[in-house]
């Protein structure tokens, strides 16, 4: 802790965050400090450019950090808020795990068998550019419950990334490892277990990190678009995406920002969890 | 006027002085004569690259002095020398710019410094490449030619700037022995034409004795000259030197010293520098 | 009879050549020419075919049997002993720069049939093939370095003299590679893959009427709708509205992408180049980045009066983060030696930036741009679904709400096509700017 406090790098970062917050606060309150007559010509200029006259463009409409903080403290006691956390996390983990369970074997199969690659990869590549969210209506039609529909979309989001990373990882395994194994008499299955699998793990880890980010994007989007499931009013049930959307509809702009920051934190936590798991699975990477 | 006369006095380098305080170079003094090929031999991680980096200007020294041709490069008061075209480095893993053709690489120095116009540089570059047996690969990218060729292009790139000294940091380490011996002869050929001072780091004793006028054997970290050998085999040399009696004698003289240091380094678990 | 025999022999020769590394992908015409100069040879078990230091005159292709190939020790091959059966090629020392003598001794360990190709005749033949010739020489070079583990300097294959060898333009190379691809099994496997996919979709929805599947729009329905001049739901390739929606989405992505690149690349370069700048700015950047773009939607609607700007802003934001981050990583990944070398050679800071940093970071930057455009589409579709008018995301959403199911699929497929095309355009631009990398990767190809 002391080391952190004496480190100039830490202070520079801290300073910039503080500056950022101050600017945000000022900008958000522009309606207030721009009120006096002094600013009238400036306001006319804004109007002439097509912006709203009463406050600074863009940032003037955003709630101030102080208001956001207030709102957040209020929401912390609300069970519905925490339920949203739980719902989003549940969907993220569910979809992500499904993507790993299906994606890793799929990717490995494609890496190992040329025939499988020739048959499946083109279809995969054709479907990949379709954004997962475009699947939402189709998913809702297909899956019996809204929950499964959302998890399917989440799954799609991470699936593509994981497969691509597995393929890339398998390809980049040094040929010499295979040659060494062969000369020591390994069977194909042996080589798969002991070279391909561990050799691909680092790429899988990297792919998972990126996939996790995408998963959150998808979950939030899916929650916002599909209404988030449980329609119990207020803040409960729908996950953090729905929380944000609901706050918007309910006119509570501060809560919107609370939701945004919450998701940011949640995403960061899940990535850390993943990284921790990754370190556990690939201890040899520490030496790099 | 002497060209490429490098004097190192009492150079000390300590990494992370407030923390781990690892001494890499311990009061090292060495004088390199102008136009000399001076080979620095030592086990991996002993600090010889640190010396090179200090001369080149990539690292600071903690104390001591390095002077070239009477001009101060760095000292205790001015710990970092400024990198420049008077002492050009040839890097271990090669530093030809992969996004430029070989010829564009070669003319980079003079063009950047504004010493030659582009056309003049191209002419000179082509001539020097042809001289070094590299005609025909001017318009290839470094990634397209063999690593031996890449090394030669890099040396030509350095020589285009008429440097006073060439600093070579284990340049042939990654090459196989067959290519290496060809490279040695190529380097000597170039040297005989240009007579530039060469400061060459290696861990290969045979390479050192074959190429060098003098060989400085360094101790393991912190490094300091342990033994300096005068190689009294006449220049110009060719590969027949490798089997000559004098060559074998010199190896015998120095082998023990080198081996001793290597063993110490091994036991200390040195990681490659 | 003799002609038929000759033809039969030629077919056998061509079949054997097809199984070799250098000639495996050559065109039928070229193989016939090579087969014409090939002379069959037979060796009984235990025969010495040639010895090291003999004159290197013929190249051998093994048709059947087994030979043992032993390099002389001076050569320094990593693996001196090699066994070869059908498809093996040996005796190519004459193709190497400065080599006229055999580098190895070769024995037949079983009764062996082989084809002999006179080296000079082969070289002349390859010189007369401006497109395929150099490629085959490249394959020889790769084979020699990879499969025979010769040190690189020794394994320098002679350059073919002749007009086009140095100057083969990327376009012709691409066309040639395309024609090679068409001859490999890959396009057929691909067709099988698509057939399976579409077939399953068709069967599941329309024939077997599987439980969840029967609610879905069927392939025939979608295809009929998409290609009909009078679509039931108003969108097909014949309607102007279809293209309007495509254009809207593309236009939005273009705006977002270009803005993001314009701002993101310099921003990323600065982050990577200046440690101070990074220390000040990166923490704020990294705090904002994890917030999913879609979480910005309500705020964006509030901030931007016009929905159009809000949508473009969202796509821009996603793109910006991806571009800036990857650019920064690109700069940071540049090997220090390059910068040091440039310093040694007398370049000033600005020159280093222009000649080392920017080209060095370019591969990463382009990877970032490809990711960025993908992310841009992703965000755009989401934004359109939530709050847009026109655009493909809007189409998909409203089609769902108005129960126009086939149109959903049309929207999805169109999105895929357009998204892929834009991505490919970015990649092609990158390949064009980084010719050096394309060539380097081609030589390293497995």
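Here the chain labels run A, B and C in written order, and each chain numbers its own residues starting at 1.
FYI, contacts are C-beta pairs under 8 Å (C-beta built on N, C-alpha and C of every residue); 3 or more make two chains touch, one makes a residue touch a chain.
As the structure is a computational prediction, the values presented were derived from the model and not from experiment.
Here the chain-to-chain distance from subunit A to subunit B, counted in touching steps, is 2.
Chain nearest the geometric middle of the protein is C, using mean C-alpha positions.
Chain pair with the larger contact count among B-C and A-C is A-C, by C-beta pairs in contact. Distance between chain centres (mean CA atoms), subunit A to subunit B: 50 Å.
A straight line joining the Cα centres of subunit B and subunit C is 39 Å long.
Taking the mean of the C-alpha atoms as each chain's centre, subunit A and subunit C sit 29 Å apart.
The touching residues of subunit C, counted against subunit B in their complex, run 74-76, 151-156, 159, 166, 335, 337-338, 340-348, 351, 355-356, 359-360, 362, 434, 436-437, 439-440, 443. Of all residues in subunit C, those touching subunit A in their complex are 185-186, 189-190, 192-194, 196-197, 212-213, 215-216, 276, 279-284, 287-288, 290-299, 301-305, 374, 377-378, 381-382, 385-386, 392-393, 396-397, 399-400, 405, 408-409, 411-413, 415-417, 419-420, 423, 446. On the side of subunit B, the complex with subunit C involves touching residues 56-58, 83-85, 87-89, 91, 93-95, 97-100, 108-109, 112-113, 136, 139, 141, 143-144, 146-149, 157-158, 161, 175-179, 182. Contact residues on subunit A toward subunit C in their complex (touch as defined above): 9, 12-17, 20, 51-52, 58-59, 61-62, 115, 118-123, 126-138, 140-144, 171, 175, 213, 216-217, 219-221, 224-225, 240-241, 244-245, 247-248, 253, 256-257, 259-261, 263-264, 267-268, 271.
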